[in-house]
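Shared between the two complexes below is chain A, which pairs with chain B and chain C, respectively.
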Partner chain A sequence: MSDKPRIAVHKFSSCDGCQLAFLNMGEDLINLAEQVEIIHFAEAGPVAEDALVDIAFIEGSVVTAHDQQRIKQIRNNSQYLITIGACATSGGIQALKNLAADAADWPAQIYGQPQYIDSLDQSGAVSDYVKVDFELWGCPINSAQVVELVNSLLRGVSPIDHQDKVCLTCKQEQIVCTLITQGKPCLGPVTRNGCGALCPSFGRDCFGCYGPAENSNTIGLANRFAGLGLLPDEIQRRFKLVHASASENQRIIARDLTQDLAQDLAQESSDE
Partner chain B sequence: MYGSETGFLARESLPELFSLLHVQGFDIVAPQIQDGSILYQVITGAEQLPSGWQDQQQPGSYRLTQTESPLNFSWANGPQALKPWLFAPREVIWRAEKQPDGRLQFCEPDAPDRKLAVLGVRSCDLAALKLQDAHFLNNRYHDPYYAARRKGLLIIAVNCSHPADTCFCVSTGDGPHAEQGFDLCLTELENGFLISSGSETGNDLYEKLPLTKATEKQLHNQLQQKLSASKQQRALPQIPVKQLLSERRDHPRWDDIAERCLACGNCTQVCPTCFCHKEGDLASLDASTSEHLREWDSCFSEGHGYMAGHQARPEIKDRYQQWMIHKLSSWHDQYGRSGCTGCGRCTTWCPAAIDFVEEVNLICGDES
Partner chain C sequence: MSKRNLSIRVPILARVEGEGAMDLDIRDGAIEKLQLRIYEPPRFFEKFLEGRAYHEIPDVVARICGICPVAYQVSAVNAIESAFNMDPGPWVKAMRRLIYLGEWIESHALHIHLLALPDFFGYQSGIAMAKDHPAEVRRGLKLQNLGNEIMRCIGARSVHPVSIKVGGLHKAPDDAKLARLLRALEEALPEALEMCDWLASIPLPDDQQTFNCTALKAANYAVEDGILVSSTGLNLKPEQYDQHFTEFHQPQSTALWSHMDGEAYLVGPLARMNLTAQTMPAISQPVMHKFAHRFPSNNMFDSMLARGIEIVFAMQEAISILQGYSRPQHSFIESTPQESQGQGWSEAPRGLLWHHYELDRQGIVRKARLVPPTSQNQARIEQDLHRSLLNFGLDNSDDDIRLHCEKVIRNYDPCISCATHFLKLNTVRR
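Right, the complex of A and B next:
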């Protein structure tokens, strides 16, 4: 047995897009394969789900009773457990069902034979079930994040948790602000950077796929969106898309915005 | 002696200035319209200058409109001007390479030696340049990267004829017309430009340009333009805020700001005087090379207030106080004047539409 660090990449409920951050590394994938032993990575070939490893990467959210058992077993088998992507880190797009009052009725509405569907009524983040040592945010994550993280772990250095806002990247790259010049409801001011401000670089407003940044003032931004003319339902939808379960976004989603905004307006007119 | 004369360059002769600069090896950076804003980019000819564009700026809003006017500079400013050309947003400052015998070899990148002529520099940005020089050049730590770029810089100022609603350079004493710190200074009139020189390099260009002597009427128009551009809606308090601001850290207005402020750092990134940066390393996966990077930072980011295991500014309110009190108060102790030159970018480019000038006035004004 080699003395190289042993890694595993596990998939839960997800689209597989974050695993591509490994497969799309190019030359670095060869470098990676030379420096670590890839024990389990079904999408790339090796399968040994129950092996003991140094680092386990988890893609996907926990949505079945079987997932709950699997994630606990993987935790027991791994020295470090790292979530990759929105699903594993906050529950992902499928966590939208956590918001629905009638989620239990959905399988019958969607599938011809719903009795074969065996899912929990919530899509859970991995950290809801086991201790997570580090989280890579993004939908999907990119290869640069993986390279930097693996590098830190190989050298025994604490990885840097990049949690500044997308706006800093926009300004560094001279990307013109879509909120200021077009009045678009950009989530950049509350979203983690790491994507290279991909959407704003094409003139599109950020929709928050990298998740809440440090000190995310989502309430302040929601009020600003109201000022830009968005209706309460439109504002809440902005914060629901990829990270509906993140607590910062819940501050907007769980509020009765219609009532709050009406109160704010009443307050403003009484001030005048 | 330079600067004592004013000549007139007809608009159709502007390409002559470009030719002279190209012959001397300069790349020319000038305003361009991109994605609904004015950005400073390298252009090759005067015909690429946009004409007829005007900007409407409000807190948190920037809109451009085009008119039939032939004027190239009838707008106030865009999100950036000189700063990114001198203080690079991101640059490698050294590189380490592992040698076959296992030793590490450290190397510095080549010093930038590009000659850049920037056309269309506003007086607020000239004042900001002076402050950046004070920080990067005339400080205890001389910055070789900034210095190399600064050495190759030629400045062609264009006096501001159309300040935006967010501008307040008159109240900081930094505009609207440029008084110093340029090689050439232009005032745009309907048919061309009044030109004066401010350096030996500028004088050399001045003498080679096909100029006519400025007429009384043209000089009168220049003065009228200055007077009209001096009528600005916004002004910093005319009382000294240096002491007041730091004494009023308990003012309730800071809480009100903190509710709106997104701590996104946009104000600091567009500010032409902000100089904060952070450093980090990017190593290759096989650990054969590593690059040490410097990039813009902001006092609104988490890392800026993090020191030896302690977060000095955990709340948004702490960070906004740091930004405003440093800019308007402690800057005096560092560099002998306020760090604000009245360009108004922090207000226009704030996604939360926070009006910097209004907030200063509320905090420092009479509380009644």
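Right, the complex of A and C next:
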């Protein structure tokens, strides 16, 4: 028996892109495999879904009855459970389904024989079903996040939960603000840092793929977007993409912005 | 031949993208059931696209597949630009081709070294194989990383890049980064050629068969666009796709199947090489000419060499684009939304990827339909599994039969995540 930590990478409903944070490591993947024992990682080869492990990484959201059982089993078999990416952490882009009134009818609208399709009405985050020990946000996560996390765990240090906002990187890297200089509806002020402010560095507004940051003023930003001339539906769509189920985004998505923004703007102008 | 009974279940197929399984039943020495069962749950992307604005589509469709997001983005912008009657010009086309070539290199190198080769050398994984063949596996991962580096230069990151927009690119790439990228590609090209020599030397099962091929064709080997050609003589534009291709639902699969004029067909690297190798500049060069006689090939296992050759082509083509690079005045043209519909396609690493959008006058999607490569290959995979297993021999041991079937499936590089992520049914087979 090896005394190296035993790890597993499990896939649920996803695009496989966060597993690539491992498979795209290049030579570091081989170095990683020398420091840990990879017990289950179907895309890379090893299959042992029910094995006991020290660390389980979960990609993807819970979307079938079978998924619900599987995630509970994995939780029982794992010392430490980590979600990787938007789907596992917040339900991901497929949580757009959760907002649709007729989602239960979708299989019948698409498949000739819907009775063969196992699909819940909701795309759920892993934390809706079991305790999660640590979350890596991002759509997709990148290799640097994985390396930092694994290094912390291998050394017995608590991993750091990065809670800064994308704006911080723009300031540090002297990236020109797309919101202020170009009037673009940038989500950077309310989005978790970690990507390296990629969109602003490419001249476009952040669309929030790393998920909502804590203590962020989403209502204030939505008001600002209204000031830029965005209609309520356009504002809600900004918050309704890869993390539609996250509670901070729900504060905007679930509101009647036609009413609320008019009131807020009136309030602001009377304050002035 | 013995009259054996045998039942093999592979509940989780390893080394494929997404969730698939295989079921095999043999009764009285004959195959009773042999299925590639795709059980990855559907993600309903075609429904998510309804109600989104045209400029949001590239970021939505990228998330169908982490391995080939550029393919989704390029097929989508091709379709929308066709709907809006836009021509973004040669600079934009060259940049899209460049980032797409990066995706081919990344996806092919990943498949060859981490997914397919372990089958040929008897290992459980590429990582295990690296212990005995460190130079070859490390070289493969280096090439994979170079593909990712191209994508990072043009698109900021390799998974779900952020630069492609309707009308062009959000921003022209950084000149200094492109210069470094050019040097890295030139330095690594000899290693890609060595990889091809090595791949060509690996003994393959002799497994001759006839099958239909379908691929895009262009003057300079089709990647980001082209005209559809097939071994059955088709010659089509994107808007004619529906006249010959139909999708249908099989109970064992959450991915729809597809037929071309009622028959199974192959898309992907081997189909491209079989139909259009003569348009590839790389293959006519002396260093590559030794591989030319292998194509067209009736041996599906030549897919691996086809991928290797396409890596060399992609690197040479990327070098040539970078050598001729000049910074444009504008990296995109403005879009004027209109009530319209448009079709577009491109050659994803795994083959043809067709998109169709109906848009209202603000450019909001009313309806979307997308047909990914793995859906198209499913019928071909099952056809191949049956005859390949009979050819291999049902008297082999259970383990050997299982491994052979898995090897046949993996050879197609099925991307199951892709295949189950939309699917709109327009035809029901009865």
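What we mean here is this: the second predicted complex is superposed on the first by the 263 of 272 C-alpha atoms of A that agree within 3 Å, B and C clash if a C-alpha of one lies under 4 Å from a C-alpha of the other, contacts with A are read in each partner's own complex, and residues count from 1 in each chain.
Methods note: contacts are C-beta pairs under 8 Å (C-beta built on N, C-alpha and C of every residue); 3 or more make two chains touch, one makes a residue touch a chain.
What you see is a predicted model; the values in this text were computed from it and never measured.
K.L.:
Specify the outcome, clash or fit, for chain B and chain C once both structures are aligned onto chain A.
P.N.:
In the arrangement built by aligning on chain A, the partners chain C and chain B fit side by side.
K.L.:
Which chain, chain B or chain C, ends up touching more residues of chain A in the combined arrangement?
P.N.:
Of chain B and chain C, the partner in contact with more residues of chain A is C.
K.L.:
Contacts for A:L96 in the overlay, against chain B (first) and chain C (second): which applies, first, second, both or neither?
P.N.:
After superposition on chain A, A:L96 lies in contact with chain C alone.
K.L.:
Rounding in steps of 10 degrees, give the angle chain B-chain A-chain C taken between C-alpha centres.
P.N.:
110
K.L.:
Is A:N215 touching the first partner chain B, the second partner chain C, both, or neither of them?
P.N.:
First partner only, chain B.
K.L.:
Looking at the overlay, what does A:I82 touch: chain B (first), chain C (second), both, or neither?
P.N.:
Neither partner.
K.L.:
Which of the two partners, first being chain B and second being chain C, lies in contact with A:Q182: first, second, both, or neither?
P.N.:
A:Q182: touches chain B, not chain C.
K.L.:
Taking the superposition as given, does A:G203 touch the first partner, chain B, the second, chain C, both, or neither?
P.N.:
A:G203 sits against chain B and chain C alike.
K.L.:
For the superposed arrangement, tell me the lowest C-alpha distance between chain B and chain C in Å.
P.N.:
9
K.L.:
Hey, what residues of chain A end up touching chain B and chain C alike?
P.N.:
Touching chain B in the first complex and chain C in the second, residues 203 of chain A appear in both lists.
K.L.:
Where on chain C does chain A make contact in their complex?
P.N.:
Going by the criterion above, the answer is residues 12-19, 39-44, 46-48, 52-53, 56, 59-60, 63-67, 69, 106, 110, 114-115, 118, 123-128, 130, 134, 137-138, 141-142, 144-145, 148, 156-160, 162-163, 165, 170-171, 248-249, 251, 254, 417, 421, 423-425, 428-429.
K.L.:
Mind pulling up the chain B residues that touch chain A in the complex?
P.N.:
Touching chain A: residues 34-37, 39, 60-64, 79-80, 84, 89-90, 259-266, 269-270, 280, 282-287, 295-296, 298, 301-303, 315-316, 348-349, 351-353 of chain B.
K.L.:
Within the complex, which stretch of chain A touches chain C?
P.N.:
Chain A residues touching chain C: 11, 13-21, 23-24, 26-27, 29-30, 33, 38, 42-47, 49, 63-64, 67, 92-94, 96-97, 100, 103, 106-107, 109-113, 116-119, 139-140, 142, 195, 198-199, 201-204, 207, 209, 234, 237, 241-242.
K.L.:
Once bound in the complex, which stretches of chain A touch chain B?
P.N.:
28, 31-32, 34-35, 147-148, 150-151, 154-155, 160, 163-165, 167-168, 171-177, 179-183, 186, 188-190, 203, 214-215, 217, 219-221, 223-224, 227
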